[in-house]
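Paired with subunit B in one complex and with subunit C in the other, subunit A is shared by the two complexes that follow.
Up next, the complex of A and B:
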């Protein structure tokens, strides 16, 4: 489908750099080394624009538009035509593009201290951003001597409440995994393997690795479970709640095949449900069998998508023996998902955080689990607002990829990512230097952490734990009463 | 021989006991027995609970009795031999090794089993299997012998639905009920039977001291994915 138009101006020096950079075949060289533009193949990934030494390339929305219609947009019509031609389910990637679903982070404003309590300067005074994820003991135990016993169940310690979301090897390249793992180690946080297994070269990062067990059980074996700081059971993800995964055989080559233990070229299907989990009791059983296999030394995370009944679901998970609940919201990204699912299933993470936190508090089980949230966290203030709504920590996927070059052209499912991230083609994956990538990720998270400290300081809070569920720190604008009620916040001015 | 009574000695004692071969008796629903075991031989007497031999990684587990749900879940290597029947979700997501059940298996047996290079998961069910046998099969071999069910159906509904690799062998001439149109059913020839089925079934029979010839009587049919109807065809990239 033609969506963009490629142009160049007279400053072009015909170096053909753009031809080499374009992985979608949208710019090729003619016989006389002149540029030939194939507009219909352009994804607007901005790779050519970024690398053009003369700044001579322009990618714009194609100005040839379909006739405007109040009901059917151009995309609607194009998608109908594509489906009429192919009979296929529309496949897309990255986060949801629901046109009228509000981003609640943008409708909440943070508080600051003025006169009545002093703000804190994080450059001058200690500011604690470390969080511990896992079950908290119900009470203090002492031995016969009266000394405090260590009865802390296994937990994760994060130096800052930001971690990297699950993205599988196969969906993204090994170099991206290396960058994430190395950055997580340097930052004192965690990265997550996703469901495609863990490449052996990344075993040294085990103290900062979360391994995932999904319905396909790809690459899951005893060594894998024990080469991690925590194990995540993936039930669902925000971009495609309720459905499974399908990694095309085209991406199952070389080490991806080896790591997933799927023969080369064979599709890898993750069934929609775990067929050994049909109830909370079954989930509890899988949680406990994983703990058994890992000698009760590691916390177990259960990841679910934010859906309509997320509060009771979270309550069930909290009672299943899981240590941490990870909730992925409506805007969570993906390497490939049916478009209709991505855009129409699930609820925004902000509402899910608030309702889950509220429910767990009401049931007096909030301390039995920690809550990690993800799905459209774009910056440090989104993270702060998520924590103030009740999250213990946030997870970033899309933002981490953006740090590595992603421009969100949403073409991950084509496997031809020009930035060398969501691809397994060697000429493309080498575009990301893992060491440089790690540096970018470290910078990003450090910058966000500094901003979080600034925001906390402004509110007169010097520990991130004091911010968790502190909804008095938030006020709403442009929200109706029901939204305020669910978010558990007051309107600005109240 | 080291013998423990699970009710008296407790699971912790057994877990810590470092021996190549132990027997635990008196099982009555205790879960996670043999979970993640890497080596050695474990004899289980009684009725162990759910998730027996989950993540089994190389050891051998013999059960003299029935096993319940999720036995051999995500098993990686080794052998589980059950001299009895199995509950639901047997060998789910199994990646390698062998699971032999002399009696029947419940629903969802062998869902999403896999194979990769020399790791090939093998599931043999001596009796009959419930519905959803081998759904999403991604590799490996499932054999259902239907011993004692001659002339009856030995699988339930939705056999092999969604499978995309591997093979299900059934010792019957009856096509499974409502077989998906994305699957192919074929009759197994003598060569394939001798080459693939015989060695597996002979090993199976030897574990339960039954004559292998009995397990090979009559003909086998094989169920496989129709490669011309792959998942990829479902999609149109936006």
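Up next, the complex of A and C:
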């Protein structure tokens, strides 16, 4: 169904670059080498626009509109027609598009020092962004000499409170994994394999790798668990809470098949629940099994989607033996999810952070675990606000892909990503040079870190831990009293 | 207008301290003279003193100094205390009428011990029992505020300039081996007696100059462990953190100072192995209690005093020694006025705690 319209102007030199770049078949060459536009296939990924040497191509929303209706939008009608034709579940990708769900990050403003307290210049004074993630015991132990014994369980050390979210090999290409792994190493942070296993060529990055154990257990073996700095048990993700995964057999080819340990051409279906976790005590057993398998040398992360009762869920996880809780909010991205689930299930990460942090404090266990949050972190100020609400660190997926070229056309589920990211087609995946990709990611995270330091310095804070849960650093605008209460912040001017 | 406790007020300040390592008790006159020099660092909206060794005849008893807004609050508090403590002496704290100090609450002093059977049933030690009782009074009895509750020590504070507060409380009539003083410059207009400093819990007293930027992170962390920050002041949160670290986590004061004014990671990296291990352990273990932003504090405790600056030294703090007596102050002038020729005078480095304790054999 047509959504966009492709046009060119007279400056077109008919070089056919756009034909070669378009992976969706929206621009083809006619017999006379003239351009043929198949508007209905266009996803507005902007690949042709970016590569047109003459700047001659325009992609616009199709100006042909359905008759306006106060209840049924054009998208509603189109989706009805599509489902009437196919009888299928609507698929979508990337983050939720609930138009009426507020982005709370945009409704919170940050503080700065004036007169009573000096701001600190990050160019002149040390400004610390290092974060340690893991469990803390309830008290110290001393040896016979009276010296403090190091009784801390293993921790992850991040040079800056930003890491890369789980994205599986299969959903994205090996080149993207290479770029993420190499950038994580250079930045002193971590990348996450997602549920598709770890390609052997990436084993050297083990000190900066988090390996995921999801319900399908794809690619999980002893070496995998031990080729990592931490292990993440994935219960759910923000884009599709309560739903498993489905990687089509078309993508299970070659190394993807080998890495996932799934036969070529066979669909890789992750069940909705882990079939060995039907309750919280089962989770505790899996946490301990993984710790046994890795000799208690690595922290275990439990990742959940932000759902309605996320606070007690987080409390249960904190008591399960897990070292770190990772919470993915309503706007978290995905390579493929049923559209209705993506747009209607879960809660915004801002509210989830606030309620989880508060609940863990009320139960006096906030210091026992660390909390990583994700799902719609777009820039450094989102990260600062998330930390001020109570997170230890943030995780970025969509933003990382954008650094690599993604324009969020939300067509990952087609497997034909023109930017060579969410695809396994060799002629497309080679569009990303992993070394160049790593450089882009390093630049992005370094830029955000500089901005975080600037913001912290303005507030007179010179270490990131003094920002964590420091909600007086935030004030709300355009929020009602209930929202302020849940976020635990005051209104601007108060 | 909201009063302190309902809204967070920042303030600048002057602090001063005198500690006699030999245990000699000196009159409050010296500390009054010292803090008075820094008159222009205060604005008349708060002053106070903490003194140790002032109640030798009752040194086994918890000395409660309490402000009441009304007789009703006093009666309710005394009923509360009666149920939990053996009160062996109670009286109004003697004051001198002065036109410079107005709107005084009722100010009472009690010497108490926990009732043995109540203490036993509570399964707490007497310090924890007493601290919980005072937190409960501050939290739940309207118009009652426990100013201090340690043994052989007391806090005297009011709204006014510190030298006037000293006159009001007849501070020169007390003799102690350890004194701290505070003059306040809050950025609000109505001062509140309970909001003045020193702030105290059990034997711990804190006077503080600065405004900490980590306030809410620290407050929310320490409130997890049963403290309730009613005043929304930095000093209150620092006091509770120190109480938590020293009394509940059993850290030494030195270790506690390495938590709240932790060295930068880059500094830790160049320390020798033993220090590096300890310092990085403390930072990781107690990251919620790192205090950032400017502060200089004097911490009084039974038998000792600690002076500590934030790690960037964003507030002035001077130390001096003469014989067995140690002096701390926001300004050198406030030391010179009471000791013209100290043996040694120096400015402690940011984050480096100076801890002084009674010498062996000092009898207090």
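Basically, the second predicted complex is superposed on the first by the 494 of 494 C-alpha atoms of A that agree within 3 Å, B and C clash if a C-alpha of one lies under 4 Å from a C-alpha of the other, contacts with A are read in each partner's own complex, and residues count from 1 in each chain.
Please note the rule applied: a residue touches a chain if its C-beta (ideal position, glycine included) is under 8 Å from a C-beta of that chain, and two chains touch if they have at least 3 such contacts.
In this text, all values refer to a predicted model and were calculated from it rather than measured experimentally.
S.K.: Is A:144 contacted by the first partner subunit B, the second partner subunit C, both or neither?
M.R.: A:144 sits against neither subunit B nor subunit C.
S.K.: Which of the two, subunit B or subunit C, is in touch with more residues of subunit A?
M.R.: Greater contact footprint in residues on subunit A: B.
S.K.: Looking at A:289, would you say it contacts subunit B, subunit C, both, or neither? Reply first, second, both or neither.
M.R.: first
S.K.: Have a look at where A:463 lands relative to subunit B and subunit C in the superposition and call it first, second, both or neither.
M.R.: Second partner only.
S.K.: Could you say whether A:125 touches subunit B, subunit C, both of them, or neither, answering first, second, both or neither?
M.R.: second
S.K.: Residue overlap on subunit A between the subunit B contact set and the subunit C contact set?
M.R.: Shared contact residues on subunit A: none.
S.K.: Which of the residues in subunit B come into contact with subunit A in the complex?
M.R.: Subunit B residues touching subunit A: 31-32, 35-36, 38, 50-51, 54-55, 57, 69-70, 73-74, 76, 89, 92-93, 95, 108, 111-112, 114-117, 119, 132, 135-136, 138-139, 162, 164-165, 230-238.
S.K.: Quick one: in the complex, what on subunit A touches subunit B?
M.R.: Touch list, subunit A to subunit B: 1, 79, 82-83, 85-92, 213, 215-217, 220-223, 225, 246, 248-249, 257, 261-263, 266-269, 271, 274-276, 282, 285-286, 288-289, 292-294, 338-339, 413-414.
S.K.: If you look only at subunit C, which of its residues touch subunit A in the complex?
M.R.: Touch residues, subunit C against subunit A: 8, 10-12, 187, 210-211, 213-218, 220-221, 223-225, 249-251, 255, 262, 264-266, 274, 277-278, 281-282, 284-285, 287-288, 290-294, 312, 314.
S.K.: For the complex, give me every residue of subunit A touching subunit C.
M.R.: Residues 113, 116-118, 120, 125-126, 128, 130, 132, 136-137, 139-140, 147-148, 150, 152, 155, 361, 364, 366-367, 459-463, 465-473 of subunit A touch subunit C in their complex.
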